[in-house]
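Chain IDs A, B, C and D follow the sequence of writing; residue 1 opens each chain.
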């Protein structure tokens, strides 16, 4: 189950990389968050950790529903371009993404020797981080960049749930708070742009 | 905190000797300075800081005063801003002085283990345990000698010293440079032990080159203060010749010869302080009256400014190392110590020493030529500009300063044994040996220490000269010869200010001989009459020496920095639109490097990393060409 | 002591003879009617009786400098090597000091040239400065090397040492030093090929240009300084580089010494008739030879020990 | 205590929503309250827990807190006459204080944090709130830079969190939930089973922080932002925000040094040397004050990091303090200089008259010299001791000559910066034409406070205090 959800997470992320539509991107992000939320919940039930379950549900609500919704509203409201073409040519991405995955596994290999279980999760999280960065790189559009930033947040969360089996409650809540604040700020930025 | 041993006291004495006449001169000069408070604050700060350096007992105090010395002198240069060149000179000075400061700092950081408040003895222990003493020596040399203006770190000096107000130029050239010499004594004796022979040879060669380069560039200068500043380079070179010989002898375990050479260096430091201060004061008075530093605008000033002229003449004779002046005596001592090397069996020395002798001798010859030029063009003949015509003697305070300083020069000449006793005390402290009685068995004659050394009797020489001159004069008077004042004959040509020899012309033969060094930029324009090459109404000739070191070392490094900064700038601006890609790449490379260097290193993986990074940078950062 | 004073007086007496003698030899060689050997004395006495004309542009320097040109050279006369063994000689002054005294005299001569505001004066001074700047290193290197061979820097003692122990083991460097010193003798005294004391042509003159505006007693002082300078150089040359005859009986020693001086004068005169005056900018070549020989002498002594 | 710490910020936050006529003076006065808890902290026993295990005050944090408070007060002081120099609307002014309040809360949290998570949350809050502060300047450039800041800042902050989680993961097997606490990590760093994982985490966190501080390769990023925003914001950035970042670096690198000091040193040295290399050449070409100072801020941050990693805690902290006072002071003063006739360096310091004008003239000149470590600037002493620490490292190192060579190259690069600053100093004072300019009392007062604080840094008392921090 865990492996499947991690796979889904990566798959949605990679798909997002190849999308050329803004709404498609938002959708992939939402699916990405969904798989993450499900992963958290399932791990939470497996190790019987309430914090994890709660944060999983929070993710489910906030990241896979509320934020995509707000983003979509914002993009409609401010008339953002819906056509987004990646800067990095597709043939490079095709080579880069597997190379990154290989690299991260190579990177995490020493950890396996020391800690046995979690190394692969670390590797996948790091590769997710790289992929999200790639998402930011390949788009000039600001909305796409924001989604890239949000997927970074997701890969952080993935790392938090898989590699450490959840973080302290306070930290998780804090992260959520900051995420919301970021959205507010983004909103404000757009708004003032419209005013001026 | 502070140290008051014989070395320090000696240099305090030197500074005081330089400062007291300067105070008079400075107060005479004061009415012509606009920013009086600024000037006075920094002037006294400068003096105090010089005193502070020579009595500093630990690294912190030393560095603090050293820096204060740089700061105040920098501000003093900026007292009177005439044009952009002053600002540029000040900047250059400030930069170079801190260039040296950094090396001093490194030196002290190594020898104090970071605790800057320990005294010199503890430093010596740390320094002797340090694995690379030569490194320390280089730091000390770079730090101190860049202040002293030794080739090739001399380029700032001919710009900075002339830019300051004249009393300050006198202090900077006369006194401040000696503080660097003090540092050399202090560092080499009290901190570094176990000198290597090569150190001494290095100092010797640096001294030889400096003396030659200094005097050669002085000859080609027409700015009187820049000329004097170039002579400071020369004289520091001469001091270093003595110092280097002292080091060589000491590392060869010949303490008496070494003490003699060090005494020669000290003596020349004192002498240079006295006559260079006096020369700068004289130049300052001239500048003050004529409002220009250009020697081509002077002429005939001896009639209007006799005191300035004759004190200047005294200093000129002394700096030209003509007997029986003090300048001659110290150069004589340095020659003697070079001569003392005859018995040394070391091939590098056998080659270095004849070269040094040659350099010192040539320097002496050129210095005479140079000071004939300075004195002759400035004070003799006809005035070459209106300002020079209307010049008159400077005010009483300034005159007092100059007279006091000439008394210092004369005292160094007359009371050589007394000064030698002082120097002997210092070398006695440093080398634990006293050679005063060998040098002066009686006060009339001064003996060299080396086996076949010579003897000189300054007082007898002076007395002889006076007696002979007076007796010839008495004959002249007794003959009762008539004299008549008439036009200059000059083979029948008319004599005017324009037909006189100019400073450029005077140095012409020498400039022509040393063309390879000067690489002069000559412009010759004439308005010919009816196509005749040899007949012309009007002609102008200007020549500009292109300083070799400035061009090759400094301007090229500035050029290099400019170029480099241009590329970096382009690179950095390129980053602006691709922040995320930059982060991606740096993250990748950092992680990769950590994986490789921290976990398991192999060249293959390193190569792989490089390839991956190049590809990734190419793809993400640079992108496809459009 | 009496011998000492006698030798000084002898040198002073000989001094005006030398230039006249050289001129005489030269004229003889050129098939001209030679002048009298005492022409120098006649010239001097003529100058004594003349009034002094001073240029109105000059300053106090013109009135002081002639004395100071002469007195260092006169002083030097006291420090020369003995001409007879057992004669008193000055031991408290060494070769460097003598060079210094000669330079001091030149220094004032050069100032004199610049004082009258005449273009010729400046020209002479400038050239003299150039030449003497190059003479200085050769001179010092030569003295350095000779003093090592003579094992003393004091010129009197050196003369005695050399005559007692001729440095046959260092003959190469001794000869090099000798050649160098002879060139210096020519250059310092303004003889052909460095300077021609007989013409007043602006292209060639050096020494004469500086004293163009002097007359009467002042000119006398300068001229006698020139004669004395020659005698100083000549006697140093014969004492150090031809160190023979010192130990003969007094009268013959003095005669040998005088003969040596005249031989030097003849050599100079011979050289003068056979060589053309060099262009000013070729002069460094000649002085370069002197410097190189001096250097060679020092290096061969130092490194090779020959 | 926690109430006392947050009170001034809360007051400001509340007041910023009302339009009070006297608000212009109210805010600076409120900000004075910041000082009370900062000073109060000094008299409490250390470590003092403000809020459980999350916010714990030790000597390091109390020092940084005090420095930040002084800077904050001075900046708010200077802001009160901002409208006289530049065009800014009243609501913008209020908004500035609103976000400043949020900023201050986040900053306090991150400085006092003993918990990596809390530290991160505070930092994120502070960062996000500054985004909007940039926007108070209504220019196109400011808008663009606000977005830039948003994106890059967010990425950097995320990297920090990513690293934190990795560190947490590496320490969790031995410490459990406590693995978030700095103090627990410090005590048990030796027992961490997977140092490699920790070091990867440390590398990513440090990278995030370095990006945030504008190190290589993000050199012009910060400069552009500070150029585009109003000068008090630039002062806040360089004086306070970077202190929050660097305090994290201090704590993380201390733990990492226990695990493997060599690695930390080499990593930081390479990185900072690269940074200084780029920055020195950029400074050489800088043509306006803001870019110049923000680039020099990057340089100083690199130096601080380098000193700290070399084991020179005292010099790093001294340098930090000096920089935190000097840089905002310079930003304020040059902001004032620039307000009449932008970008003009030649003669910028000419034309100030009156007592406050003279004081301003004098202090600005001094600050400019102090920033290039001319003694007796505190920076001089910090660089002295800092390079001393580096040489000590070199001495125990196998490659002594190599290390000293590297230090000399570093000094060479610093000398380029030095040259530029001297040029600017002389140009400001002695070149160009004289034009009448104004400066206001409160601004001069702020500068005086900075100058006094700098003097205070030089006292033996403060040296002793800084030496006692380990």
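Operating definition for what follows: a contact is a pair of C-beta atoms (placed from the backbone, for glycine too) under 8 Å apart; a residue touches a chain by one contact, two chains touch by 3 or more.
The model shown is predicted, which means the values in this text are computed figures rather than measured ones.
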{"item": "Chain closest to the assembly centre - both centres taken as Cα means", "value": "B"}
{"item": "Chain-chain pair with the highest tally of contacting C-beta pairs", "value": "B-C"}
{"item": "Centroid comparison with chain C (C-alpha atoms), farthest chain", "value": "A"}
{"item": "Geometric centre distance via CA averages, chain D-chain A, whole Å", "value": "31"}
{"item": "Chain B-chain D separation of Cα centroids, rounded to whole Å", "value": "43"}
{"item": "Rounded Å distance, chain A centre to chain C centre (Cα mean)", "value": "100"}
{"item": "Separation of mean Cα positions, chain D and chain C [Å, integer]", "value": "78"}
{"item": "Junction residues of chain A, two or more chains touched", "value": "107, 110, 129, 133, 136, 145"}
{"item": "Residues within chain C bordering two or more other chains", "value": "none"}
{"item": "Multi-partner residues of chain B (at least 2 other chains)", "value": "580, 583, 587, 591, 599"}
{"item": "Chain contact topology (line, ring, star, complete or other)", "value": "other"}
{"item": "Those chain pairs that satisfy the touch definition", "value": "A-B, A-D, B-C, B-D"}
{"item": "Chain A contact footprint on chain B (complex, rising order)", "value": "578, 580-581, 583-584, 587-588, 591-592, 595, 599-600, 612, 616, 619-620, 623-624"}
{"item": "Touch list for chain B against partner chain C, complex", "value": "299-300, 302-303, 306, 317, 320-323, 328, 332, 335-336, 339, 342, 347, 350-351, 353-354, 357-358, 360-362, 364-366, 368-369, 371-373, 375-377, 379-382, 444-445, 448, 451-457, 460-461, 464-465, 468-469, 472-473, 476, 479, 481-491, 493, 495, 497, 499-501, 505-510, 512-513"}
{"item": "Footprint of chain D on chain A - complex, ascending", "value": "107, 110-111, 114-115, 118, 122, 125, 129, 133, 136, 142, 145, 149, 152-153, 155-156, 159-160, 163-165, 167-168, 170-171, 174-175, 177-178, 181-182, 185-186, 188-189, 192-193, 196"}
{"item": "Contacting residues of chain A [partner chain B, same complex]", "value": "87-89, 92, 96, 99, 103, 106-107, 110, 126, 129-130, 133-134, 136-137, 145, 148"}
{"item": "Chain B partner contacts - residues on chain C that touch it in the complex", "value": "48, 51-61, 67-68, 70-72, 74-75, 78, 91-97, 100-101, 103-104, 106-107, 110-111, 113-123, 125-127, 129-130, 132-137, 139-141, 144, 147-148, 150-154, 200, 202, 212-213, 216-217, 221, 280-281, 284, 291, 295, 298-299, 302-303"}
